[in-house]
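Note that subunit A is present in both complexes that follow, paired respectively with subunit B and with subunit C.
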Partner chain A sequence: MGDIKGLGARHIVLVLCSFALVWLALAATKVPPLEALGQLVQGSMGSPAAWKQTFREMTPLLIAGLAVFLALKAGLFNIGADGQLVIGAAAAAATAIKVPGLGGVLLACLAAIVAGGLWALPAGWIRAYRGGHEVISTIMLNNIAGFLTVWLVTGPMRDPTQQSGTTAVLSSDSWIPAAVAQPPFSLSWTLPVGIVGVVAMALWLKRTVVGFELCAVGANRTASETAGVKVKGVTVWALMASGGLAGLAGAFFVLAYEHRFYANFSPGYGFDALGVALLSGGSPWGLLPASFLFAVLSSGSSAIQLTGVPKGLNGILLGLLIIVFASVRYRRSRLGDD
Partner chain B sequence: MIDPTLLAASTITLGAPLVLAALGGLTSERSGVMNIGLEGAMLGAACATFVVGMQTQNPWLGLAAALAAAILLMLLHAVLTQAFAIDQIISGMAINAIAAGGTSFLGKAMLDETSLLRAPFLPTQTYWCVAALAVATLAFYLRWTRGGVHLLAVGNDPDKSRQMGLDPVKVRYLALVATGLLCGLSGALICSNSGSFRDNMTAGRGFIALAALIIGGWRPLPTLAACLGFGLIEALQLHLQGTQLAGAAVPTEFWTSLPYLVTLVAMAGLLGKNRAPAGLGKP
Partner chain C sequence: MEVSLSGVTQRFGAVTALDDVGFRAGRGAIHALVGENGAGKTTLMRVLFGALQPNAGTIELDGKPVHFRNSADAINAGIGMVSQHYSVIPELTCLQNLMLGAEPGWLLSESKAKSRATELAGRMGYSFNWGDSAEGLSPAGKQKLEILKLLWRDAKVMILDEPTAMLSPADSEALYSSLASLAAGGATVIVVTHRLPEVMDHCQTVHVLRGGRNVANSLVAETGSRELAEMIVGHDIDERAVEQSTVGDVLAGVNGVTLKGYRGDDAVEDATFVLRAGEIVGLAGVDGNGQRELFQALLGRQRLSRGSIMFSGEDWTETGPRERIERGLRLIPEDRHLEGVIDEWSLEENAALGLQRLPPFARGLWVDSAGRRDAASRIADRFKTKHGGLRQKMSSLSGGNQQRYVAARALEVAPKLLLAFQPTRGLDIDGTAQVYGAIRQACQQGACALVVSFDLDELLEHCDRVLTIFHGRVQEPPAGLERDRQAIGRMMVGTG
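Let's look at the complex of A and B:
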């Protein structure tokens, strides 16, 4: 992990190139860039309904971001958050359909955490005991999760009254209620829970032995091994805990927003979560502005579609954001760690 | 029963893009640059070949655009990882995001009114020959030439090879240009197989190619075999759709996830030892 030293002209060039690319893309659509920017702000923060949409997007991004962040602290890239999220969502939907009511909600969250954690287990095990890179194994697990859930909702979990592959809608007593409901604005309890999660994570990393060991493994595997930390064990459970959190993000999205589970459930929250975790800058508090920024981009880019700017702009912006930020923050030292 | 010639033909059709992409991954990862950006490079190439091919109605210009797009994206990966020393995974992710967003953006911005126009393509058999030739060339190059040995040396231990007088950064730039070239061919082939460009049309083939590379132990010939194996699985799935196996219907989703499952099993070390280049991911 790099420090701020060694920034130079080439970083400025990188930022300028990024701006030029976005400007060029907007010029190609013949929408004035400033107008597009205005639309983006308007569409994500301009009205109560826009705020509602932004907070809705922010919830899975924040919690899945927390998941990826946890793994990143242990020096692991959990690209599998997306797969763990959909598996968690499927488990939550299945549980909540069987067990309605408040108990069902809690049970569904628990099921999602367990399912997400187990989905990350092979990646953790392969990394710790076989030396296979967790990025590759989690990419494989993402794809398997995608196909598995498509099969589930077109087969065993399918609501036979529906045309497309989806589960039945949950009965309304197993929905997570809104904390603030003043139509058109509403805010689900899940976002405050996520914020509490950030606080808990910050304290846990700083104040507990386990949290400290996790950070030690992330900072230097060899040194922590020498100091007596069981690096392999930490690797496995860090990825499992990360998977559990990602699964919880999926459960919240089912229970608070979608109220059902369907094929291709996640529009890539797990991947955006990696961006959120990177942008947090190594501090859990950073997750809040980072997930808010990604949520603004996501809900705003739906809005600027109406003015003729294709939604793909979102991907370009995210990629550039990650590059610029990583060029400052996540550089490998020339002396070679790991 | 399945017609074996038909099955062989679809195996090659579905396997050839994987072969080209996996070889691209091979040159990159053998030089020590981890590359999950293959997917993005292929997608960029597929989009470029269609847009340019449609505008100019010239298959060669379309191919050139595909190569240029993929090489540019891979050079970006090289610059970010070597000059800016960004983590190779992060850079690959960013390239995938930019390629997915950028091609979707271009597709919407350029192809709206003229979507009825078709782009001309080279016959797919050309690509098959190039793929076969590339396997042979790469196998020979890595084993018998000075450049190949340099590539392997840089990938195995960048620091020692630097002390031996090699320039790892230069070797990696060249390796990534080769990666771009091969991914460009792969993307162009995927686009000409389907005849037009769609959002996210590579559909994870870059990752399957990476998987084949791992199963093949980062060696050209075993990688070729793994790619054709995955092609065969995909072909079987198309031919067996709806039929029953041992009395029970096997869901299509099982067949489509088979390559990923096999790769996980291979990574767990159940199919032989881990052969990853020692210097993979080192700066």
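Let's look at the complex of A and C:
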């Protein structure tokens, strides 16, 4: 990730290139590209309601993106953000149902961080002390998290008055309120909190000894160990912190938007977060445009269907973006070796 | 094949690495190319090898001008190069390494390849188990394999960059006798080195570069090593007497330390020695005799099977690198890229690596940016690291300059126990003198230092005391023979 520094003109060109490729694909299927793109923009940014939807999508992507980003800085691929997110969401819902009010909200967030962190702990421990790769273990934990939460909402946590597997709706005093509410637009406090999180992450990595050591571990584990960094400890803590952040993303989604937890809660935010972290180009600031872009594509995807283009188009565009970025990264690192 | 380069100019951005340089080497001889770090030796050889396309200049082989677009062109023309860092891939077998990049065809016949490999090895008097993985090869074995790779590719011109940097004295001798037999067979051998005794003993011509320019070109028989040294540096060199520090109390004690090696056997057995305040102690030995493991144990990265390590009255046996660094341990590591620096980080960030929790690099748990910037510029200045700004990446520095920076970093914040593994690796005469001078100064202020080197002469010149290590056993020369080169040399190979 260190190869691409910041967000330069190069990144914008790359994004445009990806759009151009999609343009060609649309033209090839005889859909007017301008119309499709217009629908995408209209559906994601064309009205207050569309903005509301875009910001709603952006929140979990930004915070889970921050989670994946943190692990990446320590040289770890946290593919398990999605599982940590749903575990965090479940923990938050369970807590907020038991403890209503503002205290309950804070407690629910804390529970989500702890639950998400603990969910990542085995992966961190296995990587640090047994050398098992975190990609494998976090993927496995995703599946376990998925089945576990399905069982929870069809069993112990299920609201008996509901047909489907879901918890009860939280009482409205344990919802995270909107920072701006002008129907049909509204913006939850969770997005500003996420932005503050980005700022905090940027400062923490640059300005603290622990942040410095974490980046060192990500850049060169042997040199870090030689430099007196407790690499195993950093590995465990970085994955736990990453899991905690992903859990918080889940909590926010429950407390600010869904107000309940149900089976198959995440539409894959944790996976999209990998793309967000990759597109960030190694800088925490890059998470903001990257998560916004993902959110635009996601919230505009229903609108684009009106032109007869399948909803999967946004997936294609995201895939292209990531391939283009990754190939540029590969080219640059090869040059660097020379 | 006769090689002739003329008018070669190579610029990297604003830096002119080579300025109108010429070089000739005839067949059947060993030619030395000498000069300080950054004099342009390796650059010139990379031009000849086709790895760089110079801004100006011509290359002629046997009088015919040639133009190399890349190294593949040069290899096809019969030029081969062994760089300072061996390109042996440990996961492959010796035979696979030999063939890699020059496979005889699309379908590989193992048995044919093996018979040719054996024939080539036999010609040099080497023997290899071709099916074994290359991981187990000693540095000397890797060097031999590299030479066979040149023969495999039918190289007529063989360029070796610092070929003895990793070799013991005995292996170096053996290498030069191999090179001599290649030269006798008509090859053109070019050795890039800064070890003048090797030039005097083994080479026929010597070419001196300084600051990217030609300085001299003569027959070795017509020059002296002192004269050469002056041409390399550009000024007189003082014959320095070894200054001795006043030796104080015991600071560090290694007691009966036994360490497991990578293969599970004992890499170090029952090592016992002390380091006193004020003294530089050298650890002489052929590479691979347990120096590495002993260093890792002193650093706190390897657990002891038996024994203890004491420092300044404290038991260090169970402490890790962080605690030891806090108490004054400083390291000039063996493998800079692996252990010493983060290549893609700036000089400023690298200045803090290993010292990140100490002032002036940190204030409590916070990074002290101003303190780090000042310290980085002191570190760069101490041994005159040539750099393009402290915010440039570490990888933008040449190897010698990185070494200067890493050595200076180890001396920056109050060292008490300095561990230096080949501290002058890749450094020239001036740089070597500066680094040892600074280590001496730190010791005069009460630190102690343990220096590992494969170069016994360097240790005898700069250390107060020399220990030997052979097959994991650390020994002190008997009384009366403490500085006896012959006796220590015998102990290094286990016949003391």
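Before moving on, here are some points about what is shown:
One rule holds for everything that comes next: the second predicted complex is superposed on the first by the 300 of 338 C-alpha atoms of A that agree within 3 Å, B and C clash if a C-alpha of one lies under 4 Å from a C-alpha of the other, contacts with A are read in each partner's own complex, and residues count from 1 in each chain.
Keep in mind that, in the parts below, a residue touches a chain if its C-beta (ideal position, glycine included) is under 8 Å from a C-beta of that chain, and two chains touch if they have at least 3 such contacts.
For clarity, every value in this text was computed on a predicted model and none was experimentally measured.
After overlaying the two complexes on the shared chain, residue contacts for A:V99 are found with neither subunit B nor subunit C. Once chain A of one complex is fitted onto chain A of the other, the partner contacts of A:E225 are limited to subunit C, with no touch recorded for subunit B.
In the superposition on chain A, A:A49 makes contact with neither subunit B nor subunit C.
Shared-chain residue A:I79: touches subunit B; no touch with subunit C.
More subunit A residues lie in contact with B than with the other chain of the pair subunit B and subunit C. Once chain A of one complex is fitted onto chain A of the other, the partner contacts of A:F271 are limited to subunit B, with no touch recorded for subunit C. Contacts of A:A202 after superposition: neither subunit B nor subunit C is touched. In the superposed model, A:G131 makes contact with subunit B only, not with subunit C.
Residues 2, 336 of subunit A touch subunit B in one complex and subunit C in the other. Those residues of subunit C that touch subunit A in the shared complex are 299, 301, 320-326, 331, 333, 338-345, 349, 352-357, 362, 365-367, 369, 395. Every residue of subunit A that touches subunit B in the complex is listed here, in rising order: 2, 10-11, 14, 25, 28-29, 77, 79, 122, 125-126, 130-133, 135-137, 139-141, 143-144, 147-148, 150-151, 155, 271, 274-275, 278, 310-320, 322-323, 326-327, 330-334, 336, 338. Those residues of subunit A whose C-beta lies close enough to touch subunit C in the complex are 2-3, 206-213, 216, 219-220, 222-223, 225-230, 336. Of all the residues in subunit B, the ones that touch subunit A in their complex are 34, 36, 80, 83-87, 89-91, 93-98, 100-110, 159, 204, 207, 210-211, 214, 251, 253-254, 256-257, 260-261, 263-264, 267-269, 274, 276, 280-283.
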